[in-house]
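Chain IDs A, B, C, D and E follow the sequence of writing; residue 1 opens each chain.
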Amino acid sequence: MSLKYTIAPFSAWLQAVSKPFTVPVTGGPRPGAPRYRGWHINDVEKCIGCGTCSAICQNEAIDMVPVDDPVVGDSGLRPKIDYGRCCWCALCVDVCPSGSLGMSNEYVWADTDADVFRYIPGVDEKPWDDSELGWRREEGFELVDHDRVPMGMLDPDERTQTWAEVVIGYTEEQARVEASRCVDCGLCVAACPAHMHIPDYIGAIRDGDDARAVQIIYDNNAMPEMCGKVCTRRCESVCSIGVQGDPLAIRWLKRYATERFDNLAEVLQPQVERVGEGRTVAVIGGGPSGLTVAYYLAIRGFEVTVHEALPQVGGATFFGIPRYRFPMSSLEKQVDLLKSAGVKFVLNHRVDGDELTRMLAENDAVFMGVGLMKPMALRAPGEDLPGVIPALDMLREQNLGHEVDVGEKVVVVGGGNVAIDASRISRRLGAEVTIAYRRRVVDMPADDEEIEDAEAEGVEIVTQAIPLRVEATEDGKLDFVWGPAEMVQEEEGKRPRPKLIEGVENHLVVDRVIVAIGQGPDLDWLPTEISEKICNKWGYIEVDETGMTAVEGLYAGGDLVNDTADAISAIADGLRAVNGIVDKTRAQHV
Amino acid sequence: MDEIIQRIRDNFGVLREHRQRDDLAEVWIEPRHVLPLLTWLKEHTPFVQLTHLSAVDWLEDGEFQLTYLLTDPVGRRSLMVAVRISREEATAESVHTLWAHAVTYEQEINEMFGIHFPGSPRQGVPFILEGWDDIPPMRRDFDTVEYMNRHHPSRPGREHTDPRRYIGQVVGEKGYLHD
Amino acid sequence: MASSKFPLAPPEHSRPHAPMGEGCFLGETERQQPLALKEALAKIKNWFRANSLWVMAYGTGCGSIELRPLTTARFDMERFGMAMRPTPRQSNVLIISGYLSVKSLKRVIRAYEQMPSPKWVVGLGSCTINGGMYWDSYNTINRLDLYVPVDLYIAGCMPRPEALLEGFGVLMEKIKAGEANGWNHYLEQMDWYKENQKKLITDWDLPDYNW
Amino acid sequence: MSFPLKLMWSVIGILVAIAYGLLISGIIRKVMARIQGRIGPPVYQGFIDLGKLLVLRTATHHGVMFYLAPIFRAAGGIGLYLLIPVVVGVPALENFSFTGDLLLVMYFMFFGSLGMALGAAESGHPHSSIGISRGLSQMTAFELPFALAVVALAASAGSFSISDIVMAQQGGILHWNLFTHPLAAIAAFLAFLGMNMYAPFNIVGAPQEIPAGPPTEFNSSFLSLMMAGRSIFAVAKMVLFMDLFLGGATNLLEVLVKTFLIYFWSVFVGAVFPRFRTEQSIRFFLGWPTVAGVAAVLLVMLNR
Amino acid sequence: MTEQTALERRVQLWFGPQHPGITGNMAVQAWLEGDTLTSGVTHVGYLHRGFEKLMERRKFIQSFPIVCRICVPEPDTNEWLLAASIEELSGLDKEVPEKARWIRTLFLEMSRLSSMLMVLGGHVGAMGLGTAPNWLITLRDYILDRFEELTGARVYHMYVTYGGVRRDLPEGFAERLEANLQEIESKLPLVDNVIFDSAVFRKRAIGVGVVPEEWVDELGLTGPIVRAMGIARDTRTDYPYEKYGELDIEPMTTTGSDIFARAWMRRLEIAQSIDLIRQILAKMPTEGPYSAKLPNMLTWTIPAGETYVRAEASRGEMGYYVVTDGSDKIRRVHVRGPSYVHGVTLLERLMPGTNIADLSALMVSLQVCPPEIER
């Protein structure tokens, strides 16, 4: 035991005269670090109630509880955290698709009662609600995949030279990757008018079970391949992943699944009671709503006859959508399924009022889905000039395979999908195209992708342009005169209205003015005693919750009935009528 | 490494082999070769350390896999020797004579998987659990949540609404291919 | 959830935190004393008890890692009269620092019963409240209050030393106010606790009560 | 002074000694905390602990001897204290000092621990038993140098009376036995480290090996009695060392200062060392301290 | 019969689980003759949570918060090992950004440092000195402050995950860490005086608990225990992972193989760790992403495979044996903690002949961490 080892330890006494290490307690506990993971906070306004936090929580610490009525894009549920389970891993914060969930840097909570350690952040008031610091979502670290698998498309220069489908479609591998981005929240289900089982079939695609995916898809959509190509995708607009990243490519996935199989009848094995055995149903109009009714009733044993005025069923999806978006083969595949289910088609046959009365008497039910066939007029001087043509007429002629001449320079008036379609067709016909729209690009009802594609194909878009008149020029062309507009916010919360700036006139000399500013109902053919009962003052048809009009046995659906006027809403209407007819039949059985 | 595997192949027979990294390979062998092979590896090759011994339950195949990880501390590489044994008659030869600490591994596997190592001391002696009265917990067919619900009740008063189901219910989601 | 073999809540009439008269001990009748004097005495006793908490140094889980900073220089709980005692006989506070495996629970019950009354149990972290991370484990209990009366829960995983200090502050206030009566509750509801304990611990080899 | 009056003064003295013992241990805890970098408990923490222990319930049954142990311990402490004159020359503070008191003091120092050992062993706890065997063997070891030092002092003063030894040291700081008998002082003060049970000689109650040692099973009022006994024991020992080596005291302030310094000596060492194992500490006490003690005795013999 | 009477002479002593001297919640059942142990058995299971079972029913991302709980004083090695093994099996390891690798190395080294500061205090704490542990645990707490700042939590950081780390270094982190390192360095001489220059500690530690060299291969010993014998084996240099290969690092060794040597080993490694942290901070890139782009963690599946990944924890080699089967969950994970051998077989072998007073010091010097034995 050397002297050094006896003396050296006494140097420890130096510590006794220095400041103690102890953290003082005055002023409360030390604040947590700026990114400390403390109690949860939630911006309930931002939260969409998707439940992803709850799904990722390995401790099942998060319950989703209803705090508000559900609306489209918000389930009305909010996370409630059980601090008897939480481990403060903050996976819920890092995964939060809306970025609403966070953690404060407060960490003290002691209580004698074990049942108090639960609350709904943002709803139940807590002292740390306004905490500035704490763990938050951070750009650069995502637990969900924000980037959509890019869809292959034809080259823009190539597109204008061909009528081939622009969108190439996902490969199997791409589809699996894209499907795996889904977090299974179900917000899309609420947004879809037909309430398709979107997360379920995406899950099936992810798991590699395409047949099951198709079965789930056909569960409440008889024209999914059409939807997979041209749907307006309300679902994608509410997709929770879409809040911070690209929404799931739900449409493309549906397209992928349905394109996997050529013979759908083999894949689909409906297991339904044939309640309609021996009953007949007439469907007027072979559009999406009518075909939906036809298919689901046919598999239930009803004898269904579809009456179509054109030589091909499909309605607006046939005559109103260019073939480069929705090829004929796709449509035929779906019609084949209907045929295999026993649906009869009467083509090139326009039903008139007398026939309708007869049909009502002869059939158990009649479904009417004749759509909006009357184009809106330009409502400007010169609207009747030759060369001023409705877009729908042009689309129909084109789709029927007739020769369409648009000349060398075209102006398309309108901002919807029809306007875009008309302009893109005109491009393919070799014309220079300008779109004139009253409002801004962001206000255009057309799909953003469609607008982009159109621009890529060389379509020029002139916005805030109000048509003033159309004049015929001496050399047989048309002078399209328009005035610029400014956007005026008239009422808080409503979208701004364009207001003409007086005194300025712009001229555009073109060969054709294609008018695509919407369509209205054309129900003049109805017998007055029926139309009096079923039409409202705008000429649309009103139905009850079973899809039936005021006339017993007459059901209606599609653009005539709903105010959204898209294919998926028409399908939803068809499903409603199917429900109504089947329920009524069941009731009659009993 | 390749040379050693070649020699194992020649002398003992290899059912399957896999090279995971430059310094890590795995060979699957027949159960009867385990003891001779491990003895040979310990005595005649640089793979002298048993880093761990663990079991994997392949319930679907009706087999357990025992994985012996041997390490060559000087050459800085490892060899996994794997062997599949039947789940029904789950017995394997003990290697505690080669490495003393294998006793603990075998004791644990015996307790957690129910694999018996005849001759190994402490077989059947509880290692981790106390008063256990169910099937060995690490077996795949043991359901820990079900056991938890039976024995360790959770605090009541919680109710979870699954958004997917809830939305479907609220909007009246329906299928038409089935009744 | 599968049907549980436990009654899930203790009888309503006597929750562990209901204020209770000093001196309630195995049904023993309280001594007849003037009320004011009795109250004053109880106040003084409770003051002493609150300001000299001796903590049983038993780390049952992760939480014990934060007890070390708490007892040493940085957070120094001795400032508040708290000290670690190595034996249950001399401890007043039993800290359950997290999850309890069934094997540990047996020892905890034993240690708890050996502590002299009045005694208090502090549950740290999520695990003692509702199972925490290990809620689905076959070997850890989910609710501590089924087996021993818990006087205070401090939430966190794990609660930091500062949170523990705050929590002990709360416990001291409760003791001073005479509201921390888990030990009385344990004696009153002994049958209920024992039933729960014995249902879980199948190889029960302890005496019924470890004096 | 009449006996009853003396008795009264002694009882007051005992109470004051207990209080002082608690206070000084509080101060020492504070000092220990400071070297560890902490703030430490309030200096009056000992009183709260004592009060708390008094209002605890106990339900431990280990037999009569078990209950008697704290009483033996306290009796040892009180007996020790009663025999030691705190301030020589002030009758109220002289206690029951008499001619041969030093011998009885040596006995009482053992008595408390023995009684304690007897009772603690009754608890049946292995930690208690191990602690006792360690404690007794260590005590035997440090008693030897201490006894040798005492013998040296007594021989030098020619009396086994503490008062006489105090009187022999009067006349200035350099007359203290600390300086006149340095070897005896070394032996005694090293033994004091063992007596006070601070590191490196605190293996008896080492919590890292045998939690709490002998008092493992004690709680509530028994423990409070033990605490009181221990504090009076400590005060008595400090006063004894003051009387033997620091020339006693002439007023209470001097008592406070000198006893604190004596107590502080054990902490000064204890705060910076880990503890010895039992056989290491025995070897230590039987080494240099005993040699110093023997040398001190021899030196005194030679000088006579 | 005779054996039984011999047994009866011995005192049976339960060392734990409720015991301040035990290094965690485990128990040693010891038989004593006098103060000397004749034999002992390690009992674990008090902390068993069934991690391996729980991970079999959790998705990959859900497994990651749970693994750090496997070793409480040094959770981070577990996080890294799980991340590294899953990355290897999924092929994500090629996408981990450079900066993430540097941050991970820093994180692992900070973790080693904090763990070693604590265990060095434990060395003397087990022998009854309270002073040094108080300081050392405070110094460790300063590192925890930096962890809190970096990861958002003090003890369970849950920071290293698949594809990188969860957050970037905060502003000014390096400076504050450097200040802490200087604080630690300024206190270390005092710590040395109290521990390594203390006569009592030397007497208690030198020549006690000697692990013979033959046991290294027989028992598969690793870490400071082996390095304290003079054998230079360190996973960080033997199997360089993350950025250890780019650092100036040599395995530290000392000789003696007793408690003192192992304590000194830790002291050397604290200094080494401080040096490594400084090197890492100097080489840390300032720009770049800290995480690879992750797939949707709720649905992530990875191909079937088996691997074993190892890392140097402060206690020795820690390894994860991971089996996947192509699903979104781990098929089987086996956590190979160094304490598994050190705490059971080695400890039981060392116990006969040891003084009961040295037992807890012995356990500290083997740095037994019970939760990683039973998991």
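Definition applied: contacts are C-beta pairs under 8 Å (C-beta built on N, C-alpha and C of every residue); 3 or more make two chains touch, one makes a residue touch a chain.
All values reported here derive from a predicted model rather than from experimental measurement.
Among the remaining chains, those touching chain D and also chain E are A, C. Distance from each chain's C-alpha mean to the overall C-alpha mean is smallest for E. For chain pairs A-E and A-D, the one joined by more C-beta pairs in contact is A-E.
Put simply, the chain farthest from chain A by mean CA position is D.
In this assembly, the chain whose C-alpha centre lies farthest from chain B is D. Centroid to centroid, with C-alpha atoms defining each point, chain B and chain E lie 24 Å apart.
Rounded to whole angstrom units, the spacing between the C-alpha centres of chain B and chain C is 39. Chain centres here are Cα averages; for chain C and chain D they lie 37 Å apart. Inter-chain spacing, taken between the CA centroids of chain A and chain C, is 57 Å. In chain D, 33, 35-39, 207, 211, 271-273 are the positions where the chain touches two or more neighbouring chains simultaneously.
Shared interface positions of chain C, i.e. residues touching 2 or more other chains, are given as 72-74, 76, 79, 86, 103, 129-131, 133, 135-140, 143, 157, 160. Of all residues in chain A, those that touch two or more other chains are 9, 12, 15, 20-22, 58, 60, 82, 84, 87-88, 114, 184. Pairwise chain contacts present here: A-B, A-C, A-D, A-E, B-C, B-E, C-D, C-E, D-E [touch as defined].
Partner chain A is touched in their complex by these residues of chain E: 58-59, 61-66, 131-132, 134-135, 138, 145, 148-149, 151-153, 156, 158, 164, 166-168, 170, 190, 193-194, 197-199, 202-203, 289-291, 293-301. Taken together, the chain A residues at the contact with chain E in this complex read 1-2, 4-6, 8-9, 11-12, 14-15, 21, 32-37, 52, 55-58, 87-91, 94-95, 103, 135, 138, 140-145, 147, 177, 180-184, 206. Within the complex formed with chain A, the chain B residues making contact are 155, 157-168, 170-179. Residue ranges on chain E touching chain C, taken from their complex, read 17-20, 24-25, 45-50, 53-54, 57, 65-66, 69, 72-73, 118, 133-135, 137-138, 140-141, 144, 154-156. Note for the complex: chain D touches chain A at residues 31, 33-39, 268, 271-273.
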